[in-house]
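Here come two complexes built around chain A, the first alongside chain B, the second alongside chain C.
Here is the complex of A and B:
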């Protein structure tokens, strides 16, 4: 078993138990352990027994805010545990008028960054039995013995480049904040691709996108993909064909990324949920980078009051094309 | 049928260019070019849109899928939009999309945005000739084309 931070879990459980039993919330969205010890899946807690399953460990990567869309249809008030990225996702939904603020209670959990099981297994070199954590180090336990690894090196990609591990919006902060982080390598891969020729980039993307199964897991996981009818399912006009060929892959992936222009909170859930490891974050980050360059720095989800850059304009805006 | 619709591989290949023109300025600019008896290449197929901000990125990709070698979006000059702010918004939107399309590997010349007013018939003809020339030099666009698409002459 992975080591739960038992003290923290108790603290969280106590706080939410009062509200759930006292009727302040009808449902708590949190995490519970999945089939394997290295998986934490969403928990939908409606009663005290459900809360016994509550988990808070280094594998709670799932962004819970997205689940609000469905749960608010059935429940009057929903409690939500939010990490940094969940909180920014909540702001995203709030800006889109997809959730009413007064029907959600947010419990803030500053996030130490979630671990990547593939990376841990690779580091251990063989099947992992479990891990323990101490002072920024991870002890990897296998049948052959124990090795240690630096925690920062074992994070998920999305957590390595995270800027805001602390929730930016909450009703109640349950743990002590971590402070903002730096991510100097956030746009590194985008810049590498930009340096290639058009033909090389096309070959790269054609190959990466050729694996796409069109399962739309990236869309389902995404806090900005909240349309009630998605363009891929529209029948008339039918923008997205079902055929397995490059032009359809480009159609889906460019438009998916573009719909997040100025709205993507860079939580990386799309890439993490992709079953065939398409580097979707590079498309998202390309848009974030360009919009920041052209129209001023903007981080989606930080402030729900601020207009997203593509919903506003200035008369003297620059353009990426000739305006002569 | 025009030569623009002939097979890509044929020796006499001519590019196919789709120009989305806003109803109030650029389409009227095209009209002026016509009534002024200016000529511009027949490779350009004009599609009228109510405003340049009507442009959805799907229109552009669909044009590439169905055989376009180049796509041009033309609208009123900033400040002159019939709907006041449509082209200000589309300037931001298409700037981001143009960079994304380039990032995915399409040559930058293949997707352009221009401001053409209704009094600029000469500019309309010039831009169309200019775009056709550039695309001719680049050659046929195979990228993002639907494999099932065929030239029907």
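Here is the complex of A and C:
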């Protein structure tokens, strides 16, 4: 991986090591390398040897905040490395009263955006041996030679329209902030779909959702899906059947999307986790856009003190509380 | 029997085969390749290495209706549904066919055999496709699979840049090539062989692993291994050797259908009992179950590990908790001596 990150990894490791060995935290949630250079998987570090495995590179896409739900059952205080989206996910969980703030130490990692392996291999056009990164460029190294690509073009979809790469909540910022970003194309796909007729949209979603395996990876990876019991598993009444019928596909995905209205932090973990690449962000972004248009601009997870529009009532809300 | 067909003629062959019954092919569906029944205009992708989801779907469909029901007053009418048409599974790679043979032992080597599975297996002719390349996730060689050849195929197919070579290996396969004679040219004088393909080498030490695991149910390794698991069902659903299913109804009291569909041992409800007790209450027990099923329980009965190295869990697990990580954590890694 890119050499320039080694310095950052040392910096991160030093900071968290003090806290882990000194007892400020009992566990650190971070990333370690998987089998491949393009995979960084969750690391659950309890001791110094565990921290030797710590990785921070362009493939740390997994949002770690969700692991707090389980790890706080076992550990008194948990340290969490947070990128921009991870931090907003933390705020989401905080607002849902799923995590106590005082039992979590957040280490902020401003995020350059994570890379998409499929995109890199497609760009390289052949087996990719490794990459290096320099000044916003990626050098793709294959057996036949090297080519370069714009880093921005190689990002995961979930990172392309990121507005807030810097953590919005943290106890300690470990690296230099990147500054907020612009995402002029964030709602482009949503607008294209809005321009279609209802029938055309139905056909589009029926086709996209027909691939759904009901593996629920989107839900399991999602920071707003923190319900202790999901409607999918409720037995009485039974909301969600198992048939692979359009009605059941729509039932799951639309109900899930609506549950995220004003609560989805747009981290894109649902779409990244989907094994059959259903464009779930389009559904979520439609609701983000609608909420913004109906209730004024609101970015979920940005400020834990600011309640989601659908969880508050104001006399000047655009829709009457009840129709007279 | 050996035949050949030019690549550009393949759509004619697809149309011919699909006219007899469902013809499953690796088809580009948006951004992913999936085995789906061919229809006019489908974008067949024979060059794809592995489909996103395994072709087990052809034999153990993610949903299979086996009965319609209708009630009227106190009368209940039930009509069995049976798939009767001949099926062609075209383009199944050697790892995936090996996986189907592992499923055969589960569904067919029992008395009575599973009728739904047997029906589909009997009616299906499998045209296996020799791999021309491996992707970085492929590690089938570790499980004795030859990516160039599938011994269980009815027809073995070899793709070249310009044509597809077909060699019948069984009576079923011969029949398929015979009835497609109008589209195929004779190639009896040619010698067919697959390309040599190198797959990933993870230094896996599988010898004795199943035996070794017998004493490892309470091993502390499980306390760590499951941690990153999100509790979704991706691994089980993309896996070619996972076969657990459930039976449900779709419809209402007056009319509907009964179907069986995939289920996943990664879900809490999988083992939840009527009284509310759950013998696998948390992710730890479920992760352990899935890996031990592949690496110990199945081998205890069938003398083989229930993994074929297709690499789908390595590719698709959102947090990269895959079978290679499990095997390594459980000590199935060759450690080099210093």
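In this section, the second predicted complex is superposed on the first by the 313 of 324 C-alpha atoms of A that agree within 3 Å, B and C clash if a C-alpha of one lies under 4 Å from a C-alpha of the other, contacts with A are read in each partner's own complex, and residues count from 1 in each chain.
The criterion applied here is as follows: a contact is a pair of C-beta atoms (placed from the backbone, for glycine too) under 8 Å apart; a residue touches a chain by one contact, two chains touch by 3 or more.
Fair warning: this is a prediction, and the values are worked out from it, not measured in the lab.
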If you stack the two complexes on chain A, which partner ends up touching A:125: first (chain B), second (chain C), both, or neither? neither
Examine A:199 and indicate which partner it touches, taking first as chain B and second as chain C; both and neither are also allowed. first
Once the shared chain is lined up, is A:310 touching chain B (first), chain C (second), both, or neither of them? first
Who touches more of chain A, chain B or chain C? B
Considering only the touch criterion stated at the top, classify A:177 as touching first (chain B), second (chain C), both, or neither. neither
Does chain B (first) or chain C (second) touch A:294, or do both, or does neither? first
Counting only touches as set out at the top, which of chain B and chain C does A:211 meet: first, second, both, neither? second
Per the contact definition in the header, classify A:276: touching chain B only (first), chain C only (second), both, or neither. second
Now for A:219: first (chain B), second (chain C), both, or neither, which partner does it touch? second
Which holds for A:76: it touches chain B only (first), chain C only (second), both, or neither? neither
Once the two structures are fitted together, what part of chain A is touched by chain B and by chain C alike? 241, 243, 245, 248
Show which residues of chain B lie in contact with chain A when the two form their complex. 57-58, 61-62, 64-65, 78-79, 85, 88-89, 91-108, 112-115, 143-148
As the complex stands, chain A meets chain B at residues 190, 193-194, 198-206, 231, 239, 241, 243, 245-248, 250-251, 254-255, 257-258, 261-262, 283, 286-287, 290-291, 294-295, 309-311, 313-315, 317-323
Quick one: in the complex, what on chain C touches chain A? 29-32, 34, 52-53, 62-63, 136, 202, 224, 227-228, 230-234, 236-238, 246, 248, 250, 259, 261-262, 264, 267-269, 283, 314, 316, 318-322, 324-325
Under the touch definition given earlier, write down the residues of chain A that touch chain C in their complex. 34-36, 39-42, 44, 62, 66-67, 70, 127, 207-208, 211, 213-217, 219-221, 233, 241-245, 248, 269, 272-273, 275-277
